[in-house]
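Multiple structures are listed underneath, in structure tokens.
Consider the two complexes below, in which chain A is the common component and chain B and chain C are the respective partners.
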Partner chain A sequence: MKVVFISPLLAYKCRGDNMQEIVSKKLEDNIKYLDEQFTDSPDVKRQKLLLKDGTPALLVYVEGLIDTSLLQRDILPSLMNMESSNIFDESLQIANLPSANTILSDNLKVLISYILSGWPVICINGFDRAIAVNLIKYEKRGISEATMEKNVKGSNEAFIESLNTNISVLRRSIKNERLKFKMIVLGDITNQSVAIGYIEDLANPKIVEVLSKKIKEIKYDGLFDVGYIEQLIADNQITPFPHYMSTERPDKTVSCLLEGMIAILLDGTPSALLAPVSFFSFFQAPDDYNGNWMVASLIRLLRMFGLIIALFLPALYIAIVSYHYYMIPLNLLIPLAESRARVPFPPIIEVLILETTLEMIREATIRLPTFIATSLGVVGGLIIGQAAVDAGIVSNIIIIVVSITAIASFLIPNYDMALTIRYIRFIVMFFAAIFGIIGVVISGVFLLAHLVILESMGEPYFKPMFPFRLNDFKDTLLRPSLKALRKRPSIAHPLDKSRGKK
Partner chain B sequence: MMNNKANEISSGQVFIFVVSGQIGFGILSLASTLAEDVGHDGWIAIAFAGLITALLICMIVATLKRFDNITIIEINNIIFGKYIGRVLSLFIIAYLTYTAVLMMRKFNDIIKISALRLTPSIVLTSFLIIPIVYLSWYGLKYICRYSTLKIILILTVVLYYMLLLKYLRFTFLQPIGAAGGMKIIKVSFSPFTSFIGYELLTFIYPYIKDKKKVLKSALYANAFTVAFYIITVAFLTGFFGETMLEQLIYPVFSLARAYRAPVFERLDLFFISLWFPIMVSTVLVYYFCAYNSLKRLFNIENNKPKSKILIWSFTIMVVLLSRLPRDMIQLNTLFDQLGYIATVYVGFIFICYALSFIKRRKKKNEKAS
Partner chain C sequence: MKRLLKLLALFISLTLLLTGCWDQRVFEQIGYILSVGIEPSENDNLLITSVYPVIGGAEKGTVDIISKEAIIVRGARTHSRTMAPKLIEGGKVQQVLISDSLAKDGIHDLLEIFQRDVTLPAVAFVVIVEGSPQELLKKAIEFKTKPRVSFYLYQLLENNVKLSNIPNTKVFDFDINFFAPGLDPIVPLIKLENGLIKISGSALFSEDKMTGKLGHQETNLLLGMMDQFKYADFIFSGSDFSGKNGEKQGVAVTLFKSKRKVSINFDEEGKPIVEIKLNYIINLDEFEWDDTMEPKVQEDLEKKFGSNLTNMSNDVIKKLQEANSDPIGIGDMIRAKYYDYWNSIDWKEMYQEADIKANVEVEIENVGIIK
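And then the complex of A and B:
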């Protein structure tokens, strides 16, 4: 683990009350104030020391957030070998300490927030300013492999919980000074940093402004995932669809930044939130762009086909078997009728039994350890399915229908969207049971109506399709060759529309 | 959500809007009515009717241009004064509601015939109206976005005709013009009623962003409708022949049953299902115009709670009124009369146009004195 020098803390503002506590020239007053603030805080260490000329000083830090050995080895010896007047130059506002990152402040509230973020603070008797030194170092996970969004080719890095590391990962990919991060502090109690990343001269400044304003207006005690931000700034609250895309992949984030989108990173969460996005971007995987465009186009089409299957197949089964059995080809009708003859339930109950079982297996395997989850899959998939047919609870065909639906729903690359599609499938099934094929069609119409009214950051959610934009539409159902994708998608209204100069 | 931006549309969306108003119910039975009147020359009558409609569209847009940025509701107030104007506006809204109600009923009946014979009508209508109410609540922009689907579906329907191309007999269409020129022109009024929908322009004019291109978009939309009608009627005549066509109620749906798919055998329900979203958007534009005109009449365009009450009561009214026609025969009679009422309305717009000159002159005189 190394010491991270990039600091989001510069954005720290004094939150809460307006009373400004000023650093007193008398050290005793400062000690008294800090003691009051840090009662019952065993991890906040307050160390008194004497400088070379006998001036008393106070060192305050949080154990576990700072690099103690560095403090011991470099800061303390040089501090104790200095005269008080040498330590900082009042006129130049420079602290004369062997550290790469120091801050001078006279506001005790600000200093406290620095202390709590891993900056040791030094107060010296006779001076109305204190020095904060950046020595942040805490235990964190190393950069690991992406687990939710797997990829065949390309980078396999994933974001981690530390905001500094995530920013440095992005900076490493985009070595350009135009990559900017706006820092905002969120969480009334937790004081978390949020970074709004964008590429200057590319991202539309209006969208950046609207988004940062929206995020600044969030009032909540603590945010534990970017999903909190997503929900709190959503344009339309009554919808199952995700408004913004959360991803754990830095490469995806980078490619979206290059399209003029905006990435929101939150301290403590291993994912980024991308905005504005369209419905179709949830069905694109980074792998689509890594290989041959013809193959990728076929896979895109397969995914869209999967979407339709995942939404409508069980509903169509219910509608056709309950109301319009004459639509089934005769050769198929006989085995279906034989199989259905043993089942005492109407089709909707039959489908619901299996779908609910499947959803339960799915939900159970998420939280179980991997080795149990595998065996659960075998038990659920093979044994229950076959036994249910043998016992005459469900018919043969329905097992196929439900399995194909499940497989189709696994094609959706984004987890949030996959959940939404599962949810909608049940609604469509419900209406199919009441109104047959009309239920399916009108549910589809309503779904489309809903998608059409949704907006992500004021941009139509269903954009390249309705309203139709040919240039963007090329890259939705199919994936044209990179040479044909010379223009950036218009969803984020990028300032520079062409990619790469000819 | 309820701001005026949600209603703002571009001139491209005007195209979609006009097509939405026009194509929907009339075409379903148009071919058989025409076969009764002019035999196999129906498509020529349609071309005539399309020309008349194009002229009417030009005149409507000219009228609207004289009064910048207002709908017919405000035009009434200006020309006829506050009280008479409001009464006239109520009549116009009643016409829109009546059309929406009849279409809703017909939609419901078509579904009952083709798929759900036993479902209670009131339940079915309440279900069908959900997406209509939902989109009307959010505004015109979203309605036009949704109706883009309609254009795609219509093109799909034309593609479906291609499947049946080999059964087409061109001898059914020959000799061209056998019915006689005068007769064709005379009956061109009957397809003319199938073109209604363009008059809705008078209700959405202020919401269009670039008004210079309105006429062009509306005429293109009309041309699209004419092209689709001609293709459909000529195809149906060539497929069934005029004697057979006369006996069919909805020849478009009968055509669906004609095709035998290799494995699935019967795809007709899928084809008929294609028409449901098309019909939804036709009811939708009438419903929206009626609802929005009511909002403008009561001046509650930006009042959310009152609009909510209005849309609920209006929806319940439409659902209940759609139960009034006794049976399909009465419904069809009422539907045929719809064309006359629409024509009366178009005539009314021209009276407004004429009166606007008098009004303007009066104002000028007042200013001069």
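And then the complex of A and C:
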């Protein structure tokens, strides 16, 4: 099978440049041009060869990006055993080489981008076209287990750095021709491919259109994570909340695609970016849907409770201890007061000492090797905590408050959202220290107001709550049975609203 | 626009930073008054005793007690602050103990501060002490085997409220009942007896003046007539209940669930005739070996209980009328149903003459597991 096509994404990319270097019929001109382009590039190999009829040709490729043994075994022998006229069929535009994927092009810029992506290019004297052959093969990591978003049941696969592999993983899960990927090249210098995956007839074409337009407009030299894309296309720059959800789980990506959402895959990053999402989707884990709905509902509620604790517990402690002693039940008040009697700091300092220590431990353990991190956890958690109480720096109760808060914040399934909650917690704490319980209420109100005005791809971020949608709301705080979830959530405005035919 | 934003940011941060924490009250630096005792002093002023827990002291579980003469209640806090090492605050007051000698002259103005100052809890118990609150509190802090005096009192009162031995009268209840025309408050009554604090029943009030008292069994029945009855242990004694063998002199029962029905009529002279029908359900707890499973014996017992309770309830009503105290709220009912009549009379006078009768019926539900 010999398919000739010019990759549209590369053609797009080159149209931007006004310089159109055409392949010359004289091989010498082409060699000269390529030599100029690839000075100081030891990995770009240029090999001259003679065809059977004595026509000189040039083979250019990047070592390490291509499958050299295949080139050696299949392409080179057949090339050298052919007459130059046999290689091309001018009328049919076919390159007659034993490869699954070849293209013909007369644009040297295009050919250079092919060379750099791992396609060996062959120029033949006397022809104004060159052939690029797909022999991409480079070192990559195998598909491994998800590390950030663990799951009990269901698939354990995670995305890897290679875009092709990630696309194939999605294709393997959705065996349907309507799964489409729009390809865009990003990065002014790095030339990375981005795939915008969606399911045709399901994803709203308007959103796909807007998203691809936004991504095309990105002007940046290089993008090292989907987080770059997220930040560069965010609707509102002044917010701590993630606008789009990045996930390393293909199963989550697939389930979102089935809800009419769009997945953005970037070459070189092991995660996908999902849009549009609502605030509540950050608190849903794939496991919620894998088991009994009653149990899952309980876990959902627990997670929401955890969110409230993670946001407000230290602030409430500060507010009540500093201002509203009469809110504490009497039986608790005296033990609390006794445990704080030795502490010389005001409550806000006391909480800050322990919270910053904890955040430092957390930050330190992320980057340390696992075996050191474990012992650091023990040192941080047990020894510092107990010693701080003995030394009279903090009270017993604050250790409990901070630990419960930490545990509660680990309940949030999404790492970005967990970071945001950590950040907001500190703001609420300062408000509480200055205004007491009113400060907690005010910051809660500000938080809600902020969430209500946020948008994700033009969709309200706080959607099932405000504006209220009963059908979507069912699946936020609770998780109803799958039979009750016959309708797709409306956040992505899917064209087909019902899941499965009855 | 940018300038405006900068100004706004500056304004907000200055507001936050400059206000600071001037009203911060960290709880370990506060001495929170747990109980207040109020009684008349020798110079006809108020002698106010306040109890606050010692926190961070050498000995655990202790309280400090400060007594000071003052002309008004707030004076106590003001004076205490000049003597105590901590900032004295009243936000956790659990009980207001008022001596009976003071209560006879009216106590409502004493409680006014609990409504006016939002930090003072309106859910503190109002308690009348037979004798001196100061003496009671001073005695109580010497109890080695009991929790801090305020906790002890709190638990004692709560438990007896559950048993309907005393009314559940918080400051706000007292105020509501005081302000409602045709309704009088009643208040728990305690006293120091043989070195222990004892619940003795309830104090009857006519408006805000204490005019009489009831024992705790009488309070059970009164709460039944007030329809605030939960359940109560009750012991009947007397010849009716001496049993066949005469070994036991009484019967122990648990009263629970009462139904009340009040009918109000008037005679020719316009005097109200009130009948309070009550229906108690009873568990028989202790009696003697007999045939209590037999329906006939049960019926007989039910009648005996009924007539006994009717008599006792009527005695309670008589005491209420003597004290000119109307906690049942008969006046309130008349005011609601017969407003013209209510306007034409002076209820306080009419109440004492009114013909109020209770009629109690009893149903035995459970006689225990002996046969």
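Basically, the second predicted complex is superposed on the first by the 488 of 502 C-alpha atoms of A that agree within 3 Å, B and C clash if a C-alpha of one lies under 4 Å from a C-alpha of the other, contacts with A are read in each partner's own complex, and residues count from 1 in each chain.
One rule holds in what follows: a residue touches a chain if its C-beta (ideal position, glycine included) is under 8 Å from a C-beta of that chain, and two chains touch if they have at least 3 such contacts.
Computed from a prediction, not measured in an experiment: that's the story for all the values here.
**Student:** First (chain B), second (chain C), both or neither: which does A:K180 touch?
**Tutor:** Touch status of A:K180: no partner.
**Student:** After the superposition on A, what does A:I453 contact: first (chain B), second (chain C), both or neither?
**Tutor:** first
**Student:** Under the stated touch criterion, which partner chain does A:V445 make contact with: chain B (first), chain C (second), both, or neither?
**Tutor:** So A:V445 only meets chain B here.
**Student:** Please work out whether A:A341 is in contact with chain B alone, chain C alone, both, or neither, and reply first, second, both or neither.
**Tutor:** second
**Student:** Looking at A:F466, would you say it contacts chain B, chain C, both, or neither? Reply first, second, both or neither.
**Tutor:** Touch status of A:F466: first partner only.
**Student:** First (chain B), second (chain C), both or neither: which does A:I437 touch?
**Tutor:** first
**Student:** Of chain B and chain C, which one touches more residues of chain A?
**Tutor:** B
**Student:** Figure out whether A:L330 sits in contact with chain B (first) or chain C (second), or with both, or with neither.
**Tutor:** It touches chain B and chain C both.
**Student:** Determine, under the contact definition given at the top, whether A:S322 touches first (chain B), second (chain C), both, or neither.
**Tutor:** The answer is second: A:S322 touches chain C but not chain B.
**Student:** Indicate the residue numbers of chain A shared between its chain B interface and its chain C interface, in ascending order.
**Tutor:** Comparing the two interfaces on chain A, one with chain B and one with chain C, the shared residues are 323, 326, 330, 434, 436.
**Student:** Where on chain A is chain C touching in the complex?
**Tutor:** Its residues touching chain C are 321-323, 325-326, 328, 330-331, 333-334, 336-338, 340-343, 346-347, 430, 433-434, 436.
**Student:** Hey, which residues of chain A end up touching chain B in the complex?
**Tutor:** 323-324, 326-327, 329-330, 431, 434-439, 441-442, 444-446, 448-450, 452-453, 460, 462, 465-468
**Student:** Which of the residues in chain C come into contact with chain A in the complex?
**Tutor:** 16, 19-21, 23-28, 30, 32, 34, 53, 55-56, 60, 89, 91-92, 94, 119, 121, 148, 150-151, 154
**Student:** Using the touch definition up top, name the residues of chain B that touch chain A in the complex.
**Tutor:** Contacts found on chain B: 13, 111, 115-116, 119, 124, 127-128, 130-131, 134-135, 138, 142, 145-146, 148-149, 263-266, 269, 273, 276-277, 280.
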